[in-house]
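For reference, chains read A, B, C, D, E and F in written order, and residue numbers begin at 1 within each chain.
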Amino acid sequence: MKQVVTFGEIMMRLSTPLNYRLTQSASLEVNYGGGDANVAAAVAGLGVPAAHVTCFPANELGQAAVQSFQRLGVDMQHTVYSGKRLGLYFLEVGASLRPSKVVYDRADSSFANLDPAAFKWDTILQNAQWLHWTGITPAISAATAQATADAIAAARRLGITVSADVNYRRNLWQYGQTAQQVMTELVAGCDVVVCSENDAEDLFGIQPTPGADNKFASMGEQLIARFPQIKQVISTRRKTQSASHERIKGMLFDGSYTETPYLDITPVVDRIGGGDAFMGGFIYGSLKYAAPAEALSFALAASALKHTIHGDVNLVTVAEVEHVMQGNTTGRLVR
Amino acid sequence: MKQVVTFGEIMMRLSTPLNYRLTQSASLEVNYGGGDANVAAAVAGLGVPAAHVTCFPANELGQAAVQSFQRLGVDMQHTVYSGKRLGLYFLEVGASLRPSKVVYDRADSSFANLDPAAFKWDTILQNAQWLHWTGITPAISAATAQATADAIAAARRLGITVSADVNYRRNLWQYGQTAQQVMTELVAGCDVVVCSENDAEDLFGIQPTPGADNKFASMGEQLIARFPQIKQVISTRRKTQSASHERIKGMLFDGSYTETPYLDITPVVDRIGGGDAFMGGFIYGSLKYAAPAEALSFALAASALKHTIHGDVNLVTVAEVEHVMQGNTTGRLVR
Amino acid sequence: MKQVVTFGEIMMRLSTPLNYRLTQSASLEVNYGGGDANVAAAVAGLGVPAAHVTCFPANELGQAAVQSFQRLGVDMQHTVYSGKRLGLYFLEVGASLRPSKVVYDRADSSFANLDPAAFKWDTILQNAQWLHWTGITPAISAATAQATADAIAAARRLGITVSADVNYRRNLWQYGQTAQQVMTELVAGCDVVVCSENDAEDLFGIQPTPGADNKFASMGEQLIARFPQIKQVISTRRKTQSASHERIKGMLFDGSYTETPYLDITPVVDRIGGGDAFMGGFIYGSLKYAAPAEALSFALAASALKHTIHGDVNLVTVAEVEHVMQGNTTGRLVR
Amino acid sequence: MKQVVTFGEIMMRLSTPLNYRLTQSASLEVNYGGGDANVAAAVAGLGVPAAHVTCFPANELGQAAVQSFQRLGVDMQHTVYSGKRLGLYFLEVGASLRPSKVVYDRADSSFANLDPAAFKWDTILQNAQWLHWTGITPAISAATAQATADAIAAARRLGITVSADVNYRRNLWQYGQTAQQVMTELVAGCDVVVCSENDAEDLFGIQPTPGADNKFASMGEQLIARFPQIKQVISTRRKTQSASHERIKGMLFDGSYTETPYLDITPVVDRIGGGDAFMGGFIYGSLKYAAPAEALSFALAASALKHTIHGDVNLVTVAEVEHVMQGNTTGRLVR
Amino acid sequence: MKQVVTFGEIMMRLSTPLNYRLTQSASLEVNYGGGDANVAAAVAGLGVPAAHVTCFPANELGQAAVQSFQRLGVDMQHTVYSGKRLGLYFLEVGASLRPSKVVYDRADSSFANLDPAAFKWDTILQNAQWLHWTGITPAISAATAQATADAIAAARRLGITVSADVNYRRNLWQYGQTAQQVMTELVAGCDVVVCSENDAEDLFGIQPTPGADNKFASMGEQLIARFPQIKQVISTRRKTQSASHERIKGMLFDGSYTETPYLDITPVVDRIGGGDAFMGGFIYGSLKYAAPAEALSFALAASALKHTIHGDVNLVTVAEVEHVMQGNTTGRLVR
Amino acid sequence: MKQVVTFGEIMMRLSTPLNYRLTQSASLEVNYGGGDANVAAAVAGLGVPAAHVTCFPANELGQAAVQSFQRLGVDMQHTVYSGKRLGLYFLEVGASLRPSKVVYDRADSSFANLDPAAFKWDTILQNAQWLHWTGITPAISAATAQATADAIAAARRLGITVSADVNYRRNLWQYGQTAQQVMTELVAGCDVVVCSENDAEDLFGIQPTPGADNKFASMGEQLIARFPQIKQVISTRRKTQSASHERIKGMLFDGSYTETPYLDITPVVDRIGGGDAFMGGFIYGSLKYAAPAEALSFALAASALKHTIHGDVNLVTVAEVEHVMQGNTTGRLVR
């Protein structure tokens, strides 16, 4: 089978153990993750060949990050080594009505300072069937936006499916170009996008038709109208009860609207990467199932399971996801 | 007071810490347990003398297993040392809609290869008032089935109460005899059995009378009719909400039907051994209370508390169980 | 800004990790706390200068206790070093329907044996705006009761607000004087008291007027009538669902009655110090807000957050408390 | 085989992990030990039946202490439950030129306040062959000194060998009688004593003959002359190189003088209990070997191994001790 | 560059933390390793492409073992999944004069029961330059011996260098054929062998010429004479000072004799895999350096470093090994 | 007593536990330290009032760093909050012949970007008796060099003793000015300097007189001649045996030459901060002892003890240092 290829930054995550606050933690747990790399690892875990493309400093931390994805079967051979530091973030793990909190320390990372010319996309993608990226990548720097554009252009040339999680993070866009301008160009080259109503409004000025019953469908319809390459718009919806209790459903517009029932997750073991697991599940589901509704259902089950797993990455098998997808949510002991 | 004696395999349990998955655990927690030994430890903790009879390899792991039950006051002097390995199982601890998962590695253990002649039951039971075994023991090998039969026969000779948790595990029965045949013979010698409707059907072909209001009572009635030695049939019923949330009640048929209200346990700290705690509680309750309904109520409270305790064994006092039995389930801080 | 000064014993708390029972814990977590010191630390964390006054043995444990509050910005310069031991308590952390349990080992501590003359209250309080104490302090020994009386007298001389958490613990009062007699004298010098209906009855013989709709208001009214110095009577009310799930609201009587809505906390990370966080929040709130209802609302939000934080002390910022106070209780991830 | 019985206090030991200082340890490791109980556990581990007699509070800590020795096969059935607290000590683990440090918190323990009449020595010792005690026990209180005297008197009546580790700790003797007076009476009833030259001088005023080549032999000779019941005087000698490196040898005077070569232990894993392991080894060796020199050699090897084992107790087998006793000190991997 | 390919069993290693004894360890650390797989991982870490060939059960433990080597860049694509269990061993980590101890539990593993026909050696080795195996592999079962013979035959056909670590473990050879017979056939196909004087005598009846100054050279000479394919005989020599202190040197006979100076390692962090690191270093060194003495020197430095690293595998870079190889053994802080 | 004031960057240190390599550490231990702040903490621990002046980001990490020094009694009230990130470094802890390794990630920290005008040195130093800085501070940026110059100028104005640890780190000086130029100006204002022969040559071009018996004295003489303000030149000398074994002595030139004997430290628990402990000890010693040789001896003992303590800071008492200073280096257990 051909590869799913993802592109983006991998950061070291330093998280507090056992719901400790950052100021009281004498040790921090180390994980590596990124919104796109997590998708590669998720699909690799589901048995689909996957590669991730990124840029690391040539030191022990870059090596550890590579090993951490290599371990999960992600092909890391395209890693470019340049620059001086690995981006970091500190995660304070909340509980109940106290939110988890992220302190970023990612400025001036190797990835932010990458050289777009160092990535030979036609070579990288020669054995690929799918390219996935997130809106975080072009938000980091002009260089990373350029590399994203290059990747998409190559994918289009090679006839590869392109997906994006638009994931608009206002704070990140600080290098001079606007998210609206950059994302409009990039999203135009995509077949599948994860996009919430808020992101559609903020990035593309798309608002649901006043009085529309189904705001997501209304948004999706307009998005597809604006970007003819897009065939599917998907998203999760969260009814967050507390830092320890999530309710999520999946939504899909591809001309018509489909949604899944809500799944409850309580307690939440690790909230980070839930959206990436959804995307990874949707890619897998799209490759396996004829019906988009089944891909959506698989994606939602995968995302729900991710909330029960430590770290950024969804460590689940197809059988486990399908078990939940078929309605087995009671977590009864398996012998 | 005379001893409660149990017979069966004790395995090393290697469980993942903090809901980690097996593939991501850099360390595993060590506990020792077995469906019958857990009963011995439970009653010892409640102040009733208890002994467990088993077979271990003569190495550090056998020694550690002995010490782990000796610590709880279980008389381990009847341990036979022979064979080459301690049975193991790996426990991946789930959460929410992700189930806990057991990977067994128990084949060819010292216990499976025991020599029935090495156990001198008349001596072992000379100071006993109660013998308890589970359906796992005769499932392991012809040798362990023979030893179980020998123990029951000796108990009957000595006028000792015999109880069994029939606990049918299809995968285990692989040595050539059928569970139906072996268990029918063994259960015939019992006074008290833990048996669910499913197990009654699978093992003894007993189905609730069509249209019966109370399926458990119907099954219990037939079981007692089939096996005249049996006076009491008990069971728990689980309404598992998730790997982190159980609801359980206790049921008893001894001619008439009694049940307890449901108890909620959330979060579940450790699901393993909940049934053994129920049995241990029922033995203690039967020795203490005149009314079987009180024994059942004590057993259910004991089982509920077990779900909040790490490891296979129920580490609780009589006062703690009675506190819950009396309806105090709010867990209010005790100073 | 002037200091909030608290007086009382700080104990070493040795608690079981991960809901282990005391008999199975191979290690114990170390924290330091006390009902009044926790208030000092809470207000220091909210940006108000705070000092705590206490007595420690001149050994490594006393030093560790000092450092643990100094770390949080509490001025510990008034610590008196005398006596032989630091009071201790063991905390077994419960879960679900199994309660947490405290085993005290505080007899004959340095604090119990303090010399009241060693505390120069006029000096200690010269830069203070508020003095807080709890009913635990005068319960310990005649010496600690005397020191409490001295502190209150000095505060009154200096025109400083005095608050008390009456916190009646029957078991503690063993040195010959009755709680009723001692507390009546001490509470007479207070402006603000935390007092539940039960404590009002046990300590002061105050019972709500028969048939009163609002028992707390009725009690508060009588308390203020009895002790004219008191202007505000406050309390939390708990509807404990389990050791892992609390529901709490705040109540205030200051001539008229105010209460907050209930807040749910599930899971509870650490129940100890919830009341101290409420008091700390109320002091901060009283200094900041004109309306007592806002102080109460701040206090309740602070207390709720404390239940999600390990250790005795409430490690939260003003912004975090106000976030909850404004109704944001879903714990949504903060980036 | 008949039992070796020991009598004395068991304390909870709270030690710092990984050479942390007390003021920086966020958790403490829990062990239970006592100079005499450690001997019981050592001989039980070597296959000799052993019982320990002591007094605990009737709470979780007393229960945990009982379980911790029960686990090692020590008969704890003679435990008396009375009094209010378990004695504690804090152990800061040193390294290199920084010493380990003990902070005691043992005053007013259950053991210190025991009732001598609660111990029925003729019953306790009816199945014993050896009684062992240490000089710490009579140092604690008049009550513990009386109980020691009672135990020795019963042992003499029953013809049981009595041994003592005189272990003079100046700080402990605070209840009014002098160590000199009390120990003289108690030691008079002993067959075997562990006694260093310093202790002989401090307790009994015995000084080596001026100019004696062998000070230990000179002391031993005088001790035996003074106390005719004594047949063997033994001791270890330490050339402590650092907190991480010990050199020890064993010495014996029983009319003639014997010593072992020095053994080097580096690194030292846990220094506590090295002397108790020596005594336990000597008891075992005396029961097994005809030649006292072999008993001494076994004792020294046992003590050396103890320095490599966490906790107070020597967890070694006869084969392991004999391996070192035969000169195998290179620690070559055993497969 | 072409691959170095290794073949053999990978076991789960469960080791005690912090020098605890097996009977006192509440948790065990998980590593995966094998005498040949460790060589693959070592050379991969040094930048040489490497693959390992083995057989695992199709369960979570097999998956974890695969991931653990995949993480280090070892190509695991040739893994065959069959059989029922992963071989295990328990490692009790010693210190000072207490040896480390291994308790094996490897019988009846997936690897032992492998089907030789499942390994297509011509395909597996098509991109290889070197095949390495150890004497443990043919010792396990007739099937594993056959697969080893098949691999060597294929390598010879393809003109690939073959090396073996003869590593004679008497206890393993239990399937009916003798080590002498099997190993003689297999070693005949090798170019490089690790062989000690003891192993040469036990396996091939080769004894150093009486009176030979250099026993290793004498043995090597005879070995090469007996097996003309062999060009180099190498070995380490250990002067084990204690479980915490090793002294090792390297020896080489390839017609003439070369040796390295001794290196001291104290403390030893992890003794397991020291020999495999030596072999991995020698393969790397042989590929890089013209002079065998340099390869030997590199191998010894690599092995010495391995003793300072947790786990079975040597996690070092070429620069780090060369640093030690050049005489920098003082471990001076690198900034 | 007046304060010792230090100025410089505090970084978060993320170190591997138990000698793990960075690539294999699933968690990292958190400490905070800096070459000058460590001196403040050391003297505070010895009972001398101390303040540290620095610049932090206004986030949780800055808060944690403040608390970590506040805990040790260091006055942190002069902290300036500005900039965006806390400098970090990763510490891989070595063992034996494998060195510890530091990976810095300190570029663009809050401290590097500080505004010199934000520090009001006349106010900060108004209650000071001693100012200490290290050569790391002016190496970071023009701003930090300016602030250092400002501090020294203020100290000179106020008649405060100034000390510096010249500590030349070639890699740091990257902002355009040379170390030689900047340090020459700054050192001219100092009374006491820590300077090795290497640093004297690199920074000031000072070489020991050819043929000089005592190179340190020769260097010291020239340094004092060049910088008339300097009265004392001190340094440690290391004979590093391995990452686990240091030998250090102290040297002093103040017109005449003094040195201490070597002290051995094995094992080394934590090498970082050994020099800072030396400086802290020398400041304390200078304030306490008339004879500089005693100050030096105290400094060396303090530094030796630091090597046995986790973290950057020397957590020792005066009594402990004096104990070693008096020759007690055997680490014999203190009860």
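Keep this in mind: a contact is a pair of C-beta atoms (placed from the backbone, for glycine too) under 8 Å apart; a residue touches a chain by one contact, two chains touch by 3 or more.
Quick caveat: nothing in here was measured; it's all calculated off a predicted structure.
Novice: Using the touch definition from the top, list the chains contacting both subunit D and subunit F.
Specialist: C, E
Novice: Quick one: compare the interface residues of subunit A with those of subunit B and tell me same or different, with half as the dividing line.
Specialist: At the contact between subunit A and subunit B, which are copies of one sequence, the residues are largely different (under half shared).
Novice: Please identify the chain with the largest separation between its CA centroid and the CA centroid of subunit F.
Specialist: Relative to subunit F, the chain with the farthest C-alpha centre is B.
Novice: So which chain is the furthest away from subunit E, centre to centre on CA atoms?
Specialist: Following the centroid criterion, the farthest chain would be C.
Novice: Mind checking the centre-to-centre distance between subunit C and subunit F? Centres are C-alpha means, answer in whole Å.
Specialist: 41
Novice: From the mean C-alpha coordinate of subunit A to that of subunit F, what's the distance rounded to whole Å?
Specialist: Centre-to-centre distance between subunit A and subunit F: 45 Å.
Novice: At least two other chains touched by the same residue of subunit E: list those residues.
Specialist: 18, 21, 23, 26, 67, 101, 267
Novice: Please categorise the chain-chain contact pattern as a line, ring, star, complete graph or other.
Specialist: Shape of the chain contacts: other, as it matches none of the listed patterns.
Novice: Can you identify all of the chain pairs that touch?
Specialist: Taking the chains two at a time, the touching pairs are A-B, A-C, A-E, A-F, B-C, B-D, B-E, C-D, C-F, D-E, D-F, E-F.
Novice: Which residues, counting only subunit D, touch subunit C once they are in their complex?
Specialist: Going by the criterion above, the answer is residues 14, 17, 21-23, 25-30, 59-61, 63-64, 67, 84-86, 88, 90, 92, 101, 103, 105, 107-108.
Novice: What residues of subunit C sit close enough to touch subunit A in their complex?
Specialist: 18, 263-269, 304-305, 307-311, 315, 320, 324, 329-335
Novice: Enumerate the contact residues on subunit B facing subunit A in the complex.
Specialist: Where subunit B meets subunit A, its residues are 18-21, 23-24, 94-102, 104, 169, 171, 240-245, 267, 271.
Novice: Quick check: in the complex, which residue numbers of subunit B touch subunit D?
Specialist: 67-68, 70-73
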